[in-house]
Amino acid sequence: MVQYLLMKIFRALVTVTLIVSAAFVVLRLSGDPAIIILGPEAPPEAFEAFRRNWGLDQPIWVQYFKYFAAVFQGDLGNSMRDGRSALVVVGERIPLTLAITLPALFIKLAIGLPAGVMAALYRNTWVDRLIMMLSVAGFTVPSFVLGLVLAMIFAVWLGWLPSGGSDTWAHAVLPTVTMGLVGAAVIARFTRSAMLEVLGQPYIRTASAKGLLWRDVVRNHALPNAAIPTLTIIGFLVGSLVAGAVVVESVFSWPGVGRLLVNAVANRDLAVVQVILLLVGLTMVGANLAVDILYGIVDPRLRIKRLQAGS
Amino acid sequence: MTIDTTPDLEPASPTHASGSVFTSKSRLRAFFEAWPPLVLIALFWVGVIAVVVVGAKWIAPYDFMALDLRARLIPPVFMGGDWTHPLGTDELGRDVLSRLIVSIQISMVIAFLSTLIAAIVGVSLGFIAAYFRGRIEQVILMLIDAQAAMPFMIIALAVLAFLGSSLFLFTILMGFYGWERIARISRGLAISANERGYATAVRDLGATPFRIYSRHILPNIASTLIVSLTLNFPEVILLESGLSFLGLGVQPPMTSLGNMVGYGRDYIQSAPWIMLAPSAAIVLTTLSISILGDWMRDKFDPTLD
Amino acid sequence: EDRPEITVAVQQIVNAGALDVLREQSNVGARVFYSIFETLIDYDRQNADLPQKPGLATEWKRIDDKTVELKLRPGVKFHNGDVMTADDVVFTFSKERFGLLDEQDSARKDGKTLFTASASAAVGGKVPPAEVAAVAKRAWPNLDRVEKVDDMTVRFVSTVADPTLEGRISRYGAEILSKRAYEEAESWLAFAQKPVGTGPYKVVEFKPDNILVLEAHDDYWGGTPPVKTLRFAVVPEVASRVNGLLSGEYDFITDLPPDQINTVESNAAFEVVGGPITNHRLMVFDKNNGPMQNAKIRQAMTHAIDRETIVETLWDGRTSVPAGLQWSYYGDMFLSDWTVPEYNVELAKKLVQESGYNGEEITFRVLNNYYTNQVSTAQINAESFRQIGLNVKIEMKENWQQIFDKESGPRMVRDWSNSAPFPDPVSSIVNQHCQNGQQQQVGEWTNEEFNALCIKLETSTDLEERRASFRRMLEIAEREDPAYTVLHQSAIFFGKRKDIEWNWSGLQSMDFRAANFQVVAPGN
Amino acid sequence: METLLSIKDLTIDFDQGKRFVRALHGVSLNVARGEVLGVVGESGCGKSITWLAALGLLGSKARISGSVRLNGQEIAGAPENDLAGLRGGRIAMIFQDPSSSLNPVHRIGRQIAEALKLHRGMTGASANAEAARLLDRVGIANATRRLREYPHEMSGGMNQRIMIAMALAGEPDLLIADEPTTALDATIQAQILDLLTELRRDSGMALVLISHDLGVVADMSDRVAVMYGGRVIEEADTGSLFDSPAHPYTRGLIAALPDIDGPRRRLESIPGTVPAPDQLPPGCSFAPRCAIASKICDARVPAFLPYGEKQSHFAACIKCRGGAPTETASMPGNKSALVPA
Amino acid sequence: MTDLLRVNDLKRHYEVHVPEGLFGRKASLKAVDGVSFSIEKGRTLGLVGESGCGKSTTAKLVLGLIPATSGTVEFAGTPVTARHDAQWRAMRRRMQMIYQDPLGALDRRLPVITQIAEPFEIHYAQMPAAERTDRAAVLMDSVGLRPDMAMRYPHELSGGQRQRVVIARALALEPDLLVCDEPVSALDVSIQAQVLNLLDDLRERTGFAALFISHDLKVVRQMSDQVAVMYLGRIVESGLPEEVFRRPQHPYTKALVSAIPTPARRGKRERIVLEGDPPSPVDVPSGCSFHTRCPIAQASCRNAVPQLVASGGHAVACHLVNAGATPAVQAAE
């Protein structure tokens, strides 16, 4: 098990390094932060000074090795916009992002799971069709369209909620709901097929033959088993908690990590982008590992299988 | 064989020549069970889209780039406009209907081609991983992980920066989206196909790996792949609109559904038609394809045999 | 306390992420800085002609070609309570503040490497980043020293004769800082995040990309500020800004595209103010590549642009086509009889024909609405160029470096804008298009005669000579050997509550002093 | 003997998209108290669905008609709640492939306790003790420890015992064992069959043993029903069924079985295959494969009538009405006696 | 007569993790642990044993589908390797396999005739398509498939017909050795007889040698010239089918034979019911691996691994039997 974990972590580290390297090359070669940050009207000397200051005048491979040398010494670099530690810059934004992505995750699950289960239980009836219809519809509306429309309805016309900003909990409602609705649709589809799969298993028939009422069969036997594959997608959602809100954050002026990423990428603020990528990569990996471990806890069969797969 | 073929005896009952007992459903019911109305509607819409894609050149009433600054922001017919511009005009006085038609064409072609690319790349890598296992598989899995964890925005940016905003390159870029999922699926399917009998059986006949993968495994997993491609297709359309939102999508003067929505969003209050028409096209099309995909999944359900 | 709390939704607070006027070179910062800092010489900002007026200095006079003496306004208090004296002024223009001291320079060089250690060095020990020094140098190319005559009198001394000295003293970037506050700050960054100036509002909280909260500076010399708390919130989406204004979350929104004016004004509670500013939108040529080497092609392009229609449609007639790269507030230096090339399709076609153009592709690099209406304007112009037989292709770029990049293909046409931070051609044409200006620095264009005139314009003190030089420069750069062509004057629009009386400024600053802010009826 | 469960004219139609297809054509079967009824037949002939339908366990795709009486009381079409009460309590059912028939995520103990709670109202410690006793009863050593294990931690044979223990938890009058040993090894199969025999002897519970293995059924049953194409085509006490099979299909089945003793012989095979439910021939569904069939066999579905002298032997074959088959023409390839001496 | 196939002390061990303690441990799973046998040209060896005793592993080793841990397989004088190279592929012409699950072994997307012709396509690429089809049609006929079934897909055939397709395909190249791994276990009783008869006929006609694997003793007896009984990766008894099944010597074989339910035997013979399950091949008991379930085991059985001792054609690996040197065995010869 330890070996399996180590193996996974090693692979994850290589993966993250790969991502960070790719991002390094892309960012370095596709834009000069000096012009972007200082603006096109700043004098050329300012650009020169800026480049010299940040080492951008050195050959790219020198920059690359210096960057990694620093990273291995635990120095993740500073934002070129204000010279603050990139870690701090990103760190400030994390709570804000989580403040909408966590409740959104909750909404996704609270709507998606029951909807998917219902659709599976009533397969091929109007209940199923309606749920799947709504789910697919939810999934197919671009989230910024949905966001803008929601803002227009609830902020401008009805005046119930603020249309953007991050001051109070009320500001979080629309972005959360927008993300929640889109995600719930995905979960509902996934849950439905997981549930259908389980309902076809022999042990469901055994449970019925035992004399359990159908609702108890569903509750005690089908649901726990259907929860297992659903874990994967939940893991994926958790992995995208940090930077999964790029578009919604922009629409609702929510100053989270997603928007920081967009800005940092646009500014070619390398250190900040890299910290976010690391963060995203590591949460993904962490979520995957957590799911792996949870799998073992929820599904006793895997306690053995996983071990064997590790060989 | 002992099948009695003597023809000179009447069957037991003239109404049915066999002993099986059938109870027919009403035609209508049977038809709608086989072809649910939603599926029919979805098929119809996909058909319409197909016609638009093929015939955009002839259907579009105006040149989609022709601008007329004196006829800016004319509302569509149902919002008080007239029939010269049935869906109104945009901020440069271009005919929204014509742009919509061309946008549909371009978005669909992008989505189709890039899905194809994703399929080819994904299936090839998935098969390579499944065939070689070991180190090579680990490397491919790593690529898959990296792709999945890398915000797509960064890749999009790279392409836009290095390769310019050519439509061709953009299509290839979009092909990079989703290959990792397809690679994962086809690797899984190929491994289980290898474990299942037929692939092993053919190998044991002396077939080369290429033959096994191309002739046997690919056709066998095709149905599952097609279903997952029907998921990829709408996602590419949505992704393109998301990238357009960030200014990284299809670039002017070219147009696409995402591009129209992206540039039209500023007009959501003053001239909503600019954005609503392409939004509706996105929703209806992705909805239709998803419905067809789900329907196909049920059709391909292995429990049927 | 019945002063209102006012929220302004902006597209961005400052691009560069710090509240230092010498670092933030974009126009974006201008609108917040005027509430925090002030210059010695100010402008009557809400007046379309932008006349100069006393700022932190009550009067000033020329001692000679090289020297200007200013009397400081008594009783001006910084946000930290200190009274402004000559020491603060001297400090504001000192080498230390500019980051030009040798030890600062070497500190920067010591900063080990890339991205990491050097950055900490740059912000620690009050060493301003290198670009601050560079900007300061550019803003004060000939400044010898600022002398304290007495506590309330200072002298600006230039190394050479400088007719633009007053202009430079009044410009954006010459705001007075508190010496004590700067010296007490932990680092340059600490100061740049919570700077201390003399403006009517002081910084309470600053989160880049998110929010800037200012609070009334009740000791303000110009009277009690009318707003209790002034918040600048970042709302990048236009639609979201409009939504927020209409739903009452914001009292002001900035960067409103002209097409949104009707949406805002259709609601009786809101109105839109704004108009032309001291900035022109240009199209810039690279005369080294392809067909662009031929001046006739460039000339043809200048004649093919239908500027009036663009202004009338895209800008709803709310801005104008200026007389070349100059503004009327140049005063004596304004050449009122100069015009941009006329819109003449036939002439343009003829020029194309004469040039022997063979249909080579002309690439036009465009950013995605970095400027308001940029993409629309580019598409309109591209269409116009096509009309005169040019094979123009729009290339969308993502950032400025890609615009300037030479490797990704021949550089030919791009968009730009030029500001005039003080009322003299030196602030625009010299700064942007002469030897040291960006256009020549990136190697797009050069012209010997033009360059010779640049020096004359900068150093001569003879008005007529300067006017003549300027005229000839415009002739060369806009007509004979076009370096750029002016499209129209830029304009900005603000959406705001109708019950607030407030006016915009051509200098892009937002003035929330009592004279320019008044809530008419109780807000809703 | 007192009839415990009686199925009469049970028909089942399955929804096949365009139409319903009949898979079970009026099956009637009786099980007496304490009796072992063997049900044999090839795959797909309807062995399982008969009993699943009787317990209301076929999904919504099935349309069922006919009567099922338990102790004379009609249970076909009874409300779900009533049926749930019967299942496991009066009639228990166990399935082939025990390993996938147990819920993989619940411990063994919990799955047994669930049945105990349902049918005997036991909870907590008493349920635990009873579950341990049941495991002991089915021959699983170390019962208390096993209760905390999961199905995948045990072998197929043990899982089948657990299924049996779970079935015993409700103290049913009737146990329906649907191919209980098909997935198991020969030596384990012997263990399970032994266990079933023993349990039945002790509790007097009736047993329906569904299998396609003639050997197993012959070994265990008092009475055997042979099914083919959705019908019972022969039914008799075990002795007379195997000693003097009436229906050509039954005879074919017995002859097709290779033997372990006796001289090696070429196997009898029944040509052709079982027809699919939607491709049944008119008349006797075995006719196309039958060596002695003639035109009349195609005319009508043969009635299920007594065969021979014994009143307990029935068969559905026109050719063997009232005694030995009318045409004793040898089956193709038949080289040795049908029944070993 | 020379042996076509010679297998000598073949072993195949798998590295596995067993969940034990907190992190599990690595262990060696002895799927096949020292198996030796040989098959003469045209003869059939039957291999019986319960699930997991290593029958399929042996089959795969014999064909070179998986590499052996140790031991050798020689086919017609040449060693069989598991390197999947061109030479290995060429060797498939002479050795073929039939699987338990015919549906799984067939490609669901190709008509059966294409699949029967596939060996020709693979090995005789230059053969014209028409000839391939002709030959496939002949093969179909020889396994009793009607010509009208040629264009059907596997799922449109019954189980027995599918197995016939598999057999036809395996025989297409006229192999010298056919390994049948449980070829009839998935089939119904009546179909099973059809397929067994067919294999019998074909063997008579073409004279291939066969390794016939099944857990069903009745079936093995029906098909084999020789049988070997496996338990936990080893052969515990071998000999002529009549000998082994009528007079089993090894206590395990005895139990196995007694447990076979047949209608003929109903109520006549006592089943010998073994206690417990077969131990896991990861923890093979010391000494005689059967001693944990053996009704007659003695203390000594725990210590030494019994060798397969042949007396005449009948070999047994049991300390007690071999020590007793039962005269019955010799008499049977």
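Each chain gets a letter, A, B, C, D and E, in the order it is written, and its residues are counted from 1.
To be clear about the criterion, a residue touches a chain if its C-beta (ideal position, glycine included) is under 8 Å from a C-beta of that chain, and two chains touch if they have at least 3 such contacts.
The UniProt protein names, listed by chain, are A, B = ABC transporter permease subunit; D, E = ATP-binding cassette domain-containing protein.
What you see is a predicted model; the values in this text were computed from it and never measured.
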{"item": "Chain labels contacting subunit B and also subunit D", "value": "A, E"}
{"item": "Contact-richer chain pair [A-B vs B-C]", "value": "A-B"}
{"item": "Distance between the centres, which are taken as Cα means, of subunit D and subunit A, whole angstrom", "value": "53"}
{"item": "Between subunit A and subunit C, centroid-to-centroid distance (C-alpha), Å", "value": "39"}
{"item": "Distance between chain centroids, defined by C-alpha means - subunit D, subunit E (Å)", "value": "31"}
{"item": "Multi-chain contact residues (two or more partners), subunit E", "value": "none"}
{"item": "Sites on subunit A at which at least two other chains make contact", "value": "30-31, 148, 152, 156, 250, 304"}
{"item": "Of all residues in subunit D, the ones touching two or more other chains", "value": "271"}
{"item": "In the complex with subunit E, residue positions of subunit D that touch it", "value": "42-43, 155, 157-158, 185-191, 193-194, 212-216, 218-219, 238, 242, 252-262, 264, 266-271, 273-274, 333, 340"}
{"item": "In the complex with subunit B, residue positions of subunit A that touch it", "value": "11-12, 14-16, 18-19, 22-23, 26-27, 29-31, 129, 132-133, 136-137, 139-145, 148-149, 152, 156, 189, 193, 200, 239, 243, 246-247, 250, 261-262, 265, 273, 277, 280-281, 284-285"}
{"item": "Contact footprint of subunit C on subunit A as seen in their complex", "value": "30-32, 34-50, 52-56, 58, 63, 66-67, 70, 75-84, 92, 148, 151-152, 155-156, 159, 162-166, 250-253, 255, 259-260, 263, 266, 268, 270-271"}
{"item": "List of subunit E residues in touch with subunit B within their complex", "value": "63, 65, 84, 89-93, 96-97, 99, 101, 103-110, 118-119, 122-123, 146, 155, 166, 169"}
{"item": "Contacting residues of subunit D [partner subunit A, same complex]", "value": "52, 55, 57, 80-81, 84-89, 92-95, 97, 100-106, 114-115, 118-119, 150, 152-153, 163, 166, 170"}
